[in-house]
C-alpha cells in the first residue's frame, strides 16, 4: 500500500491552494457576503488553514487564527494574523471556518458568545468540527436554506447563527470542490503510483510505503511545464559542490 | 439634480471592494478556475480596476495591468503589478478582465495572440469592452454555455476563447452583483440625498449638484458604526491648530 | 505661483511609496526591531498613512489605523486594517507612527496606556505630532541615544517609551529620506514647471496656479519609460467613443 | 551531539522572518533603492527564499523566483511569483538576492545579460553564491564603496554591477543581522538543549540527535506568551477523538 495523500504535490497544493480558494468561493455562493473589512476566524493553521487564511487576507478580511499547537500559532502570528483562543475569537468573528481535523471546534460555549448573524462553515474533514448537533437540539428555530446551502439557527436570546452546508465540507457542499488545476496533480500522483505498484510490487515488502520521490518530482515538473514555467538545472560544478557539502570530508 | 454616483461612499467602496470581490466570484462560478499561479490581466486601473487587481493578487494570481493613462499605470507599477500594452499582455494572460469604460479593449488583434483556453470577462460598463461581435462573426464554432454563463468560441486555428456572461457585466451576469454590505452605502447616499432634495430644493439653483459632504460623511460614519469600529475626534487644541494652519497668518 | 506639491506625480508617489518605505527603513536602522507579528499603529490614513500601512502589512505586522475622518477610516477597514481610537490602540501597539499633519496625536493620555518598550516615530510634518514636550518634562529619566537616533524615556511607573529621531520626520532623521527613485518625479515636476513659468508668465494672472496636467502626465510618462514599461494608446474608434460619451447627445 | 539548527523554532522563524526582513533592511542601508515597482529576483525558495520573497512583495516589488527543485518552484508559482530560469531573470532583474546554499548561482553568463545598475546581494551561506572572483578578475574597473558596503564593478561594455557586502551574508555585512526578536528563539533552543544534554547525556547513545520536541514546543509557547498571544487547549473529548483517529480500531 502506498500513502498517496502524503506526497508534496498533493498536500502542499491541493490542501493549501485548492482548499483556500474553494472554501471562500463556497462562502461567496452561500452568503454573497463582502469579506473586505470582516473579521474572519480560521480554526487550525495546517496547510488547509494557511490556504484559507491567506486567501481571506487577500480578499480584505481581518484574519484571526486559532490553534492548539504553539509552533503553528507562532508562525501565524509572524505572518501578521492575530492569534487568540476561540473563546475570544468567538466574540469578534463575522465568519468562522474550521479546518482542524478535530471535533467540537465550535461548540455551545462559543455559540453563546457570537455576534448576531455570524457565519459558520467547515472545510476540515467531517461534519463534527462544528457541533451541529447542539444547534439542532437547542436552537429555538431553524430557518432552512435561507440562501443557497445556508441554514439559519435562531438561539434562545434571538441571535442568529448561519451554518453553511450543514457543517459538511463547505467547498464540496456549497461550491464545486477543488478546481481541476489542483486535482490534476493529485490524480497524476495516483496514476503514476498505481503504475509503479504494478511494476514494482514484487520488490516491495508488505506495509505502507511512501510515494517514490521521483514520481512526486515528476508530477511537479510536468505541472510546471503545463503552466509554461521553466526552472534551472545544476551545473556540474554545482553538483560537485553540493555533494562535497553534504557527504564531504 | 444631484450626482449621487460621485460621492466617496459610493465610488471608493462600491467600485473598488464591491466590484473587486464580485468579479472574481463570478469567474469562480463560471469557470471554477484556480487563480493561484495564473496570469490575470486587468484592463484599466480606476477604482474598479484597483479592486479587481488587488483581489486577484490576494488570490495568488500574477496580475498584469494595462492602461492608457501614464499616472495610473505608474501607480499600478509601484504597487507591484506588471504594466504593459495589451498587445503583450494578450500573449501571456490566462484570464482577462476589462474595467475601462471604453470599447474594443479586447479585439481581434488581441484574440489572435491569446493562449488556447483564455478566459475573457467584462466588469466595466457595457458589453462592448470586449469585441464580442467579432467573435460571433469570425469564430468557426461556438459552443454555448459549456459551463454556467460561459461560451466557448473556437477560432480558425483551433484555439478556444472562453467568454463569460456574453461580455456583459460579469458580476451581474454570472454572480449576484455587489454584496449588500456595499450596496447599503450607495442606497443610503440616495435616500439621504433624496430627503435633502425635498427639504432644500427651493434653495438650489437648477443644474447638477454634488451630494453635500455632510451626507457623505454621515453615511461613512454610520457604516463604520454598523461594523463596530470607532474613530478619534479632534481635541480643541487640534481644531485650533488645523484652523491656524489652513487659514493662518 | 504654482503649487507643485499638488501634482499627482508628487503626492501619489512621494507621499505613498517614498514615505512608506523610508519610514520603515528608519525604524529598522533605529531599532532593528522585527516587524513580523508586531502590532503597528498608523495614525492617519492619507497618502503617507496608506504607504506606511501597506508596507508594514507587507513586512508581517498586524496594522491598526486611527483616523478622524470616517471615509478614510472605512477605507482602511475595507482594506483589512483594524480601525480604532488611539485610546484603544495605545494599549496594544508595539510601534506607533504618526502621519496626520496635526499636533498631539500621541499625548500623555496615550503614553500612560502604552506597553513597556513601545516605539514612537513621526513621519508626518513637524515634531509636534508626538507630544515630546510632555515626555521631556514628565519622564523620570531619559536615556539618550540608546541606539541610533533612539531616546528612551522612563516614566514614573517604570515603563519605557522609545522615541525615534526626537519625534522629527523619522525618514530624514534616522534614514536617508526618500529614495532618488521617487524624488526624481518631484524634481522633474519642479523643473518643468519652472520652465513653464518662464515661458508662460506673461499670460498668467497673479495667484496660485495648478501645475498643467500636460506636465504632470509627461513626468509620469517619462518615469514609466525609465522603468521599462509601456502603455496602450487609444484607437481612433475609442477616442470617438469617449468623446461621444463625455460630450455627446 | 544535538542538531539545534533543525528545530522548527529555529528554521521556521530565524530563516524566514529574520532573513526576510534583515536582507531587505541591508539593501535599504546599502543602496537606498525604492523597491516599489522594481523587479527583484530571489534565487532559491527554501525558508530563507520564502522570507525574502514575501517581504519584497510586501514592499511593492515584482518578485521573480528561480529554483532547481520543481516542487518548490511550483509552490512559488502558486503564491503568485513568476518562476523562470536565471538566464531569463538576469535580463529583467533590478535587484538579485541569492539564498540557495550553492555556488555560482550568479555567474558570468548572467552578469553579461544584466541591466546597467543591477544590484546583487547574497543572503545564503558563503560568499560563493555570487561569482565575485569573476567580477574581480574581469571587470574593467572597480569603484569601491560608492555607498555603504556597496562596490561598483564596471564591465567591458560599460554596464555597471553593484555588489553589496562583497557577496558575503548581506544582512550581517550591511545591516545588523537578525533582530533580537528571532534570535531569542534560537538561543533558547540552544540553552534548553544544553541543559537537556547535561541531564540526559548518560541515557543517550553517541551520535547526532534531534532536539526533543518538548523543548521546541516549549520555546514556541514561551515566545507566544512573550508576545501576548494565547492559544487553545484540547478538551478531553477532543483528545479522545484524536487518539481514536490516530491509533484507533
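Just so it is clear, A, B, C and D label the chains in written order, and each chain counts residues from 1 on its own.
Keep this in mind: contacts are C-beta pairs under 8 Å (C-beta built on N, C-alpha and C of every residue); 3 or more make two chains touch, one makes a residue touch a chain.
Owing to the predicted nature of the structure, the values given are computational and were not obtained by experimental measurement.
Student: Would you mind checking the shortest number of contact hops between subunit A and subunit C?
Tutor: 1
Student: What is the chain whose Cα centroid lies farthest from the Cα centroid of subunit A?
Tutor: C
Student: State the pair with the higher C-beta contact count; candidates are A-B and A-D.
Tutor: It is A-D, judged by the count of C-beta pairs in contact.
Student: How many angstrom lie between the CA centroids of subunit B and subunit D, rounded to a whole number?
Tutor: 37
Student: For subunit A and subunit D, what's the span in angstrom between their mean Cα positions?
Tutor: 26
Student: Tell me, which residues of subunit B touch at least two other chains?
Tutor: Residues 17, 36-37, 57, 60, 74, 77-78, 82, 227 of subunit B each touch two or more of the other chains.
Student: For subunit D, which residues count as touching subunit B in their complex?
Tutor: It comes out as residues 36-37, 57, 60-63, 74, 77-82.
Student: How about subunit D: which of its residues touch subunit A in the complex?
Tutor: Interface residues on subunit D, with respect to subunit A: 8-9, 12-13, 16-17, 66-71, 73-75, 77-78, 82-86, 88, 101-104, 216-217, 220-221, 223-224, 227, 229-235, 237-238, 241-242, 245.
Student: Which subunit D residues qualify as touching subunit C in the complex?
Tutor: Checking each residue of subunit D against subunit C gives 17-18, 20-21, 25, 28-29, 32-37, 54-55, 57-60, 175-176, 178-182, 227.
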